[in-house]
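You will see chain A twice below: alongside chain B first, and alongside chain C after that.
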Partner chain A sequence: MVKITVDGREIEVANDTMLLPALIEAGIHVPHYCWHPKLSIDGSCRMCQVEVEGSPKLVIACNTPVREGMVVRTDSPRVINARRGVMELLLVNHPIDCPICDKAGECLLQDYSYNFGTRKSRTDEPRRKLEKRKDIGPRMILDQERCILCRRCVRFCREITKTNELAVFNMGDRSVLDVLPDAPLANDYSMNTADICPVGALETKDFHHKLRVWFLKKTPSVCPSCSNGCNITIQHYRNQIWRLMPRRNDAVNDTWMCDQGRLQYAFAHDANRLRLPMVRRGNTLEPCGWDAAVKHVSDALRATAKKGGAERIALLASAHFTNEELYLLTQLVKVLGLRHVAVPLVTGSGDAFLIQPEKAANFTGARELGLVAHDGGRDFTAILELARSGQLDALYVCGSDMTKLVEPTLWQAALRAVPTVIVQDLFAEPLGQFAHVLLPSLSWAEKSGTFTNRKRRVQQIQRALEPPQGQPSDGEIFAEILGQLAEGHWTFHPAEIFEQIGKEFPAFAGLSLASLGLLGAELAP
Partner chain B sequence: MIVDHPAAKKVVPPPRREGHVLSDAVRAKIVAEATNYPQARSALLAALHLAQAEYGWISPPVVREIAELLGLKPIQVQEVVSFYPMFHSRPKGRCHIQVCTNIACAVAGARKLVRQVEDSLGIRVGETTPDGAFSLVEVECLGSCGSAPVVQVNHDPYIERACAEDIAAILRGERVERQSPMISVIPEGVDGYLLPPNGVTRTEIADYLAVGGYEQARRAWCELDPDAITEMVKESGLRGRGGAGFVTGVKWGFMPKNPDKPSYLAVNGDESEPGTFKDRQILERNPHQFIEGALIAGRAIRAVAAYVYLRGEYTVPYLRLMHAIEQAYARGFLGDNVFGSGRSFHMFVQRGAGAYICGEETGMIESMEGKKGQPRKRPPFPAAYGLWGYPTTVNNLETLTHVPVILRHGPTWFRQHGTERSTGNTLFGVSGHVKHPGVYELPLGTPLREIIEKYAGGMANGRPPKAIIPGGVSMPVLTAEHLDTPMDHESLQRVGSLLGTAGIVVLDDSACPVRAAGVIARFFRHESCGQCTQCREGTGFLYKLLKRLDSGRGTMADLRTIEDVCGYMEGQTICALSDAAAWAAGNFLRRFRADFEAHVAQRGCPFPDSFEM
Partner chain C sequence: MATRTVTVQRPAAMDAPRGVVRSGVAVLKGMWIASRHFWRNLWGFMRGKPTVFTVQYPEERLPQPPAFRGMPVLVQMDNGKERCVACGLCEWACPTDCITIYPAETADEIERFPQVFDIDMSRCMFCGLCEEACPEEAIVMSHNVEIAAFSRRGTVWHKEDLLVPVRELERTRFRHIRKTYERSTEP
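What follows is the complex of A and B.
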């Protein structure tokens, strides 16, 4: 650590860093455009200039190493004038079309103009005319007029994805950000360029002209699309998700997330979501009350256990459930003495960066909690085979992603052969037609709890969307069923259950939701 | 045109296939050129020159083919094509007419030549005739201010002192070929050492050897300790002739003494600042002395090779330099066994492509690596992280041409030339409203008045000098009251300017200062690399403000805006181009404020006889 003096205040900072990140770390805000914590230093926007004693010129804080005894001023008249200059000049050619710009409200050009600008324009010269709303890739559009040429996106494509789709062409005030016609910005992480764009030059097609950003509420969460567990914020308004954005966690995803994960959210407020439990009467499923549905399930499980023994019941649970929900399933397994349990894992393609082949958020959690005996897939097919050959009387299926693992005819034949099929899922498709009891499930955006990522890091998700009044969470359903089948008082409070997990599973010992915080913690080895 | 390097290895390019458009010969030259560098990408500018010469322009298939040959992505090629004015991403006329319209040429009537072409062909600047025969562009300074106005057709040698008859001949489809006028001289009574005797062109190695040439390079490689050479040059007080005037020996001293990786000498021959046309005289008339200087410098800094970056438009200087290098290789002065010392030292030449910013040392390094010539932020400095990331010294071409003389006669002799802190002679370029524009080798400290009146023959039209730019257009302008200023670093600093490249532009009282500032502002706007906010936007803004004043639309508030914008641009960017633009505009306003105000009061230009913008 070294001691430096900033605006008359002495602070301690790490000794091998540049001044700008050190100041940010210390909570001193220095405006900047081109600098980004996860990209190389560019040094061209000149917005982060500060005064350093002994240096005749202002220096850019982003490229000035800290040293012991350094005396820095971030608020001197020279610094203020320099910022004013950058702001006035950045606006000489900017279209100032904030009314139709998606970035308005979270735009650094707006914010810094307001805080550091001149508040008046001194030019009535025509502004630069360039292409607007240019389609530069399957998920991105570019407004060349708004671009302030900070080159964050160029460096992102060069340094992070190494795909080099974007470049600044021409020189001087004719400089323009663009792609080549036959090489669109199509990499799997392309939408991150919109996040790091300090202005509204790069916009995602997904969010384009959908909503003013100031309406958005932001709930920290974790992306459920694969086992990497990228930290995100769910941005929602009127109980609807408008976009997912990455949230910085240097141990997991830095400040990035993949496009695929980012675009997986519309299902959460799909109008076709199951919202009422249903029970089969003859050929049709009929809505019933929650109490009746739960009683139906527990009666069936109890009766089957009594008649043919736990041997004739199987439980299939998706790897999308939280640790807390899965914990209650372990209790159900214990209470009923189940032997046929599987958490089938759907796999797909991955890459060397963030995208993992395990296409579920919490398979590792299921394994830690002992729900995965060997290899998930083989257990799954073994259970399907038991069902198909008439050796099961009841099958409780929680989640339907596992159907992707085998040919439809295979799982369909299996489900048809079981007298009591209980399905707990988000949608009636694809399992509803085989169900005798159908219980609506909640999406990750509607519940709180924890996921354990592939590196055994436990991270919190928080409820962003309110489920319809009276709809219990999956955990509450499990607790209700347990309450019917076993002694004791069963409830579902994620924080309490998480503590209970800590007591029973040494890897979780000592952890609490409070100690996980926003960034999570790794399980003990 | 790219000349094969004397030590080039024979490389066979990958076989042509469907979609390729370049000939086998050009493909072979490109891959051979790539072997001159530690990284193939450095051959990009050469490859583009070769391809354009054959194909006419850089089409998307050409971009893809070059990218393939050099192991790059097409976008890395395309961004470079778009950056450099000499490369065309659209077809141009078979006869591509480039008229220099910067200050010296503007004063010499370049605008009339442009109009002549426009009127004869019925096209405007930037356009091509429908039959594809002719295209016309204005270019920013071809480095030939002493023989203005200058026109270049395609990549041919310049047509200097171009006149209406030349344009007519070009338009008739004739090729105008003309010897460059001999415009560099050592005035009588001056102990000159940079230029050969007046009237003599010393391009053959035998002629240079006959006057003791390469003796000092031999000493440096076979007898002297590198640090002793550096010490001698330090003692001589030699300062860089590229503009900044840094002490050369001190710069060499920054290089690692026991390098564990290769070090390089990078030579800046990209002179392209309006008013500056001196290095060209060395290359055309005395290239071997420069090569000898580079050899000595290379030994002093323990470099393995020198890479010379030459401005792309210079065709004759390039051919003469390559000829001289071939001769030096043939004699074993360059190569793997320099002067039989057992040590190796190579010299390569890269041609630029029309971007002034590549004269900035780190912009040049970027360009030499085959990238856009955008200056690097410092730290790190080139001595630690230069060409390809290796320790590099960047020296101006003229600077190195002094070095053999320092070794031959000793630092004390050298210090007898010039002033105490600005030692030696230099090549003063004089252009504008003088009778005899040209390059004059004179000791530093020679008074401005003496240069203009005695050597350049005084004012051309009998009108008094009004605005004098002392060292290339980036240096703050002086007025007639500064005529007695000695032309050395210290004296110029005392009157609020700088020596720069010692390229003096003299304007008489017919010239409108607003227009002069406007022409210069247009240059910096055109040449800003576009990285730093203040420079990218400020250079354009200044040009627009000056144009407003010139057209009579300016207000007093605009003058204040010019001052503020200059303030924003000064001392706040990665390189000094922004400062230069601000100094030029700001000082024209400061020194000629009354003339600026008159433009506002009279709603137009009060100089009826002024040159055109």
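What follows is the complex of A and C.
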């Protein structure tokens, strides 16, 4: 640690850092565009200039190492004048089309212009005309006029994805950000360039002209698309998700997330979502009340268990459930004495960076809670085989992942052969036509709880969207069913259940929702 | 219950016959005044110069001063399109949340336009903050106050209902708001 003096205040900082991160760490804000905590230093924007005693000129804080006894001024007239000069030059060619720019409201050029800029432009010359709305990739568009040439995106493509699509072409005042004609910005992480762009030059097509950012409410959560568990912020408004943005967590995803995960949110607010429980009467499914549906399920399970024994009931849990919901499922397994339990898991392609082949957020949680390899149980294709050969009287299916894993004829034949099929899913398709009881499930954006990622890190998700009034969460459905089948009082409060998990599973011992915080914690080995 | 009697002393003037004469005179006086106005107005109307202040609304309307704030309207440019670019600042500034905008993209030079622009007039309080917030001079307060409707749904005005040609607003409202908000030129 070294001691430096900033604006007359003595602070202690790590001795191997640059000045700018040290100042940010100490809570002193120095404006900057090109510096990013996860990218190399470029020093191109000149916005972070500060005065260091002993140095004849102003120095850029992002590329000046700290040393013992350094005396720094971040608010002297010289510094403020330099910033104003930088701002004025950056704005010389900026189109100032803030009213139609998606970045407006979270734009650093806007913010610093308010704080440090001059209010009036002194130029009469026409502004540089460049390409606007340029289609540079399947998910990105570029506005060259807005670009301030900080080169964060160029460094991102060079250092993080190592694909080198973006580059600054030409020199001097003719510099322009562009892609090569035959190499579009199409890598799996391309939309991160819109996040790190300090202005509105790079925008995602997904959010282009959708909503002004100041209307968005932000709820910290975890990406549900794969087992990596990237930390995200769900940005929602009018009970609809408008975009997902990565949230910094150095242990999981730094400040990035993949495009695939970022674009998978529309299902959560889909108008075709299943919202009312249904019970089959004859050939049709008819909506019924929640109490009646739960009673139907528990009666069916109880009667089957009594008649044919737990041998003739199978449970296919979902790897998309939270730890708390899966815990209640373990209790259901215990109460009924089930032996056929499995968790279908969709697998796909992965890469060496963030994208994992396991396409579900909480398969690890299911494994930790003992649902995956239950005593005497079989994997899910074996359960389908049992069903098809008529050895099951009741089948409780959560989620429709299994339909993506085996041939339609196989799972359809299996479901047709079972007298009582209970389906709990987000949509009536594809399993609804085989269900005898259909229970609506809640998406990850509508519930609170925890996910365990592939590195056994437990992270919190929080409710962003409000489900329709009266629709219980999956955990509440399980608690209701348990209340019908077992002694005792069953309720579903994620914090309490999480505490209970900590008592029963040594790996979770000592953890609480409060101690997880926003960044999560790893399970005990 | 014991009865208590109070004798009321009537004033002498109210007694007949002098009182009858006096009240008769008062009635005639009133009739004279009323009929004088009636004949004078009738004469005035016949000559085309009425002497009363009554305005025969809705056939007759008084001109409003430029600062008068009626319902907000959208400025329609000469090409028939709205000037609004759906930036959402009025939606944000609105204290009663009566504005709803859904932006969309076009191939025009101004690439953004409001696909939906609804104002719930039953919630609008004519404060004019939308007009002040607008960077494009695209929403202005008009002189129209006729926003009554037969249903709640009818109080929601859509984009097509709100458009007013720019020529109609140029002389009245624009001059006023440029002065009020110290804008030197049009945006």
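Miscellaneous remarks
We adopt the following convention: the second predicted complex is superposed on the first by the 520 of 525 C-alpha atoms of A that agree within 3 Å, B and C clash if a C-alpha of one lies under 4 Å from a C-alpha of the other, contacts with A are read in each partner's own complex, and residues count from 1 in each chain.
Just so we're on the same page, a contact is a pair of C-beta atoms (placed from the backbone, for glycine too) under 8 Å apart; a residue touches a chain by one contact, two chains touch by 3 or more.
If you're wondering where the values come from, they're calculated on a predicted model, not measured in any experiment.
In the superposed pair of complexes, A:165 makes contact with chain B only, with no contact to chain C.
Contacts of A:100 after superposition on the shared chain: chain C is touched, whereas chain B is not. Here chain B and chain C are compared by how many residues of chain A each touches, and B touches more. In the superposition on chain A, A:81 makes contact with chain B only, while chain C stays out of contact range. In the superposition on chain A, contact of A:149 is made with chain B only, not with chain C.
Contact with neither chain B nor chain C is seen for A:309 once the two complexes are overlaid on the shared chain.
Touch criterion met: A:90 reaches chain B, while chain C stays clear of it. In the superposed pair of complexes, A:212 makes contact with chain C only, with no contact to chain B.
Residues common to the contacts of chain A with chain B and with chain C across the two structures: none.
Touching chain C in their complex are the following residues of chain A: 98-100, 104, 132-133, 208-212, 214-215.
Looking at the complex, you find that chain C touches chain A at residues 85-89, 91-92, 103-105, 110-112, 135-136.
Put simply, chain A touches chain B in their complex at residues 41-47, 49, 57-58, 60, 63, 65, 81-82, 84-86, 88-90, 92-93, 122-123, 125, 148-149, 164-175, 179-183. Considering their complex, residues 60, 73-76, 78-79, 82-83, 355, 357, 372, 377, 379, 525-534, 536-541, 544, 548, 557, 561, 564-565, 567-569, 571-574 of chain B touch chain A.
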